[in-house]
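Two complexes follow with chain A in common, the first pairing it with chain B and the second with chain C.
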Partner chain A sequence: MFKSKTKLLQLIVTLSACAFLLIPTIMSVMAGLTANYFKGISSGLTLKWVFQVWELYADSIFLSLWLAIACLIVTLIVGLPAAYGLARHPGWLSRLLEEFISLPLAVPGLAIALALLQLYGSMKGFRASWAFILVGHVLYTLPFMVRSILAVLAAIDLKTLEEGAASLGASPWQRFRDIVVPNAMPGILAGALTVVTLSIGEFNITWMLHTPYLKTLPVGLADSYASMRLEVASAYTLVFFILIVPLLMAMQWASARAQRKTK
Partner chain B sequence: MTLRVTNTAKTYPDGTKALLPTELSVAKGEIVSLLGPSGCGKTTLLRIIAGLETPDAGSEIWFGNDNVTSLPVERRKVGMVFQSYALFPNMSVRANVGYGLKMQKLPKDEIESRVTEVLELCQLQEFSGRAIDALSGGQRQRVALARAIAPRPRMLLLDEPLSALDAALREALRDELAMLLREFHITAIFVTHDQDEAMAIADRVAVMSHGHVVQSGTPEELYRNPNSPFVAGFVGNAMRLEGKVAGSTLHLDGGELALPRDGTGHNVFVRAEDVQIDTEGPLNGKVESVTFFGTHYRVGISGIMTDVLTSTYAGQNAPKVGERVEVSIKPEALMLLPEGAEI
Partner chain C sequence: MGVRPSPYGHTMTNRTFVLACLTPLFIFSLAFLALPLVRLFLESGSGEAGWAIYLDILRRPRYLNTLVLTVLVSLATTFAALAISTTAGMFLSRNRFRGRGTLLSVLTLPLAFPGVVIGFLIILLGGRQGLVNQLTPGHVVFAYSVIGLFLGYLYFSIPRVLLTVMAAAEKLDPALEEAARTMGASPYRVVVDVIVPGLMPALIASGAIAFATAMGAFGTAFTLATNIDVIPMVIYTEFTLSANIAMASALSIVLGIVTWALLLIARSLSGSTVAAGG
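Let's turn to the complex of A and B:
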């Protein structure tokens, strides 16, 4: 079966990398389902901890979901026209703008959060509202939306398609609605799933911006590890997985689809 | 509808003059071709007529009695066929063809019946439900034409409509396009760099070079009476006979030729099909190359002038490379064009 030593080596490296990645995950999930972690699996499996997480942190789960949806709406409203503008006017200025939008990816989340606190920290109502966290999330996820749409738009001859529609009597708005948006759809979908997934998982910025009454899912997770039994925190991780893994898979599917469209 | 373009020019912000002040009129129902090499301004002129490009100040474009110079493309009611067709990939063939009618806000059933009518005219009925990427090049070209014609535009503008097709298909579709355009009874302008295409389709050809119209006329006029070396060369590939003109005689390295009239101050041009290999001929040269084209041979002959003189030979027994041949050219086949008209 293993004709050469190289093949065998490849297999060993692959399996150990998988083990390295998977074992902590499995351990964590198991801990969340074990009655008493220190006694081990022999103490029995239970869903008690999962229910306890739900009781304690349901608010965090819903806050995260609403934040993700709000973040998606904002990035769509801002990102779609932005990507369209950048695609229609290629040039050094557009490239510069694109880089500028992408800057929050390179700057540590901590720095972004500090900057936001410095600027808006004194605006009490805003500082304490969920909209403040939303601003951080939008800053962080916008480049993903813009780039995803831009990649699809750059692959089609948008200018000529629009000229075609214009020659048939379509106004600029009709062109945007009938030609640009439908043809950008694979990119919009891939971008939307990325934004939602990132927003739900975002910790750095959110941890700095949150208030005791506004804990998102990952912030709640940190909180549970810091102040709850290990089993509860582990069950929390399980809940997190259940929410994020389907999103992650959908995202993979949508990006693969968008990439096919650009070929 | 007649089209009148007066004093129309286009200068790009960087100072490039894509189109020098140009006049053009197209009569109702006339099919005019803008012919020229790439970069001659033909596409710019077409795009200005369409409203896709803003001309310089002072330019005027009249559609019949309407001055449309300041109207954007969507309000000019022109049909446009793009080089890449620009078919909407998110719509079916039917939806593509119906898009212009939808923009005119026509009732649904009228759109349906008119789309069906146009699809039939362009023989596209069986493809009506297909997606654009499931069509061949020739089918796409017909969809583009059907889409442009469906809203009954005032004028049809075609930008190199056949250049995206491969050579064999191009020739077949050229005749089909010529037939369809005549069936539509519509004023049409189409841009091409292919002289055969221009001659086969157009009633009138406007030859363009370096941003202006050099000569405009029927294909026959351009072919027989070119007004400049450029037109003679571009339409029918005329060659210049490099020799010395003395009165009505042309002295070449390989002999002397009689001119149809006094040729002082003129350059002499001839086309390959008028250069005959003829044992009685006054010119003498050596065969350099023989290329077989199916219907004819193309024979390159050296020694008559500095460059190789090309002759079209239609007979069965083409001369061999290296043979010496006699060549004759009838005086009426020679084109005399004034010296200095180097455009």
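Let's turn to the complex of A and C:
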């Protein structure tokens, strides 16, 4: 009897938490599709606001997609070999390097952005280009890529595999291409999805680094929250959800899959 | 391990190859992380006050009040998130029922919502056109107050704490709880004597994560805290409006060290990190 009462209480807390997270999300979706939010749903459903968002902010959506792809490419080029290097060369120096590149996970994006602005702000060409925002995104997402691959590589006996291949005459590059990359694939996939998801949603660094001509999706969101009517802001949020939620689910699936490989 | 002399005439040894693999990372993090952070630190001491600027944070009421308020809101967020997420996490990991997966998805999906979006969701709940104001008689607007900020922080903390607690709960042996119950322990005693000690590392870890994330949350504060001084907002206004670069830098350094140290503790206890977004 007492046991079921405790269970009931737990269930109530769980459901309340779900409601707290879900209700405003649903409200935002509904507001983006309602003709007049103040009058309520009876004013009719419309896609008018979504189209208006597209007219106003399509550029920011494309910029975000482009940055996410560029960010993925850079984190792969830098992160994949680095994860391999860290896995093959364990020791305090590697630990320190891994710890150091993970700083942007712990230090608020605002601080990272201020640091970048103060060092590179005077280089006008770089400061005003999308590459400057890209640097911020890479800083923030690179540790996820490196760690995701590193976790998978650490779980397999890389040394034995590579020694076997080396004794058959495979060069370091061949071993990297034919042994390391295929084995690291679950980690690469999980890392890639994480990088894209986080890049598209990144606001804290981007807000400081963006220029009036380079607004990403989340920067545009902040813009619309401050200056647009509620319906437009909601419709824009809806567009963001449509983009981010499938990515997020794929990311969670891939991460769980990669984690199973490490066990 | 010695480098095997290759009969096939490979010019590159293992060691050179591994070092070459680390080079891009090294160059990137030197140019865009190490040097900018050094510059940030040097800049913090370049103001009128010199290095005493770090004492100013504690001496000048504007900054001290900001610090105290930020810590208080973050602490409140941490304890509320711990209470809610531990309850929900234990419930979801101990029971199997239809819809469990859905509940779990709902509770973890906000993980990648940017702070600005969470701020907007709180406005939909507690703003002038918000749900609460529409449902209740009178004028109930709390989105732009400390309560709104607290709810925003709670929103992004619940998923983070939940994931850490559930990972630990999976490893906790349910037989221990069963044993305690059969020996006549009340549910309260089971929680206090069995579950909480078993989960303690995860609770401290996820508490540190929640606290650090709340301390550094900029996006949510940017949307909601138009009239509230929390550290990230003060850094932002010092930098953009007051052009007080030294103070903005000093506050960033202090904030960065605090959140980094907390997450280091969290990682050493639970072995996982969740990004400090918000």
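To be clear about the criterion, the second predicted complex is superposed on the first by the 260 of 263 C-alpha atoms of A that agree within 3 Å, B and C clash if a C-alpha of one lies under 4 Å from a C-alpha of the other, contacts with A are read in each partner's own complex, and residues count from 1 in each chain.
Rule of thumb we're sticking to: a contact is a pair of C-beta atoms (placed from the backbone, for glycine too) under 8 Å apart; a residue touches a chain by one contact, two chains touch by 3 or more.
Just so it is clear, the model here is predicted, and its values are computed rather than measured.
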Chain A residues touched by each partner, larger count belonging to chain B or chain C: C
Partner chain(s) touched by A:I156 [first = chain B, second = chain C, both, neither]: first
Touching partner for A:T216 - first (chain B), second (chain C), both, neither: neither
Which of chain B and chain C A:N183 touches, first, second, both or neither: first
Which of chain B and chain C A:W207 touches, first, second, both or neither: second
Which superposed partner A:S199 touches (first chain B, second chain C, both, neither): neither
Contacts of A:G169 with chain B and chain C, given as first, second, both or neither: both
First (chain B), second (chain C), both or neither touched by A:S64: neither
Doubly contacted chain A residues - partners chain C and chain B: 166-167, 169, 171
In the complex, chain A residues that touch chain C: 2-3, 6-7, 9-11, 13-18, 20-25, 27-28, 31, 37-38, 77-79, 81-82, 84-86, 88-89, 97, 100-112, 114-116, 118-120, 135, 138-140, 142, 144, 146, 159, 166-167, 169, 171-173, 176, 197-198, 201-204, 207, 218, 221-222, 225, 230, 233-234, 237, 240, 244-245, 247-249, 251-252
Contact set on chain C toward chain A in their complex: 1, 4, 6-8, 10, 12-14, 17-22, 24-26, 28-29, 32-37, 39-40, 43, 84-85, 87-88, 90-92, 95, 103, 105-117, 119-125, 129, 131, 154-155, 158-159, 181, 186-187, 212, 215-219, 222-223, 232, 235-236, 239, 245, 248-249, 252-253, 255-256, 259-260, 262-264, 273, 275-278
Touching residues on chain B, where the partner in the complex is chain A: 50, 52, 72-75, 77-80, 82, 84, 86-90, 99-100, 103-104, 147-148, 151
Touching residues (chain side chain A, partner chain B) in the complex: 156-157, 160-161, 163-171, 174, 178-179, 182-183, 185
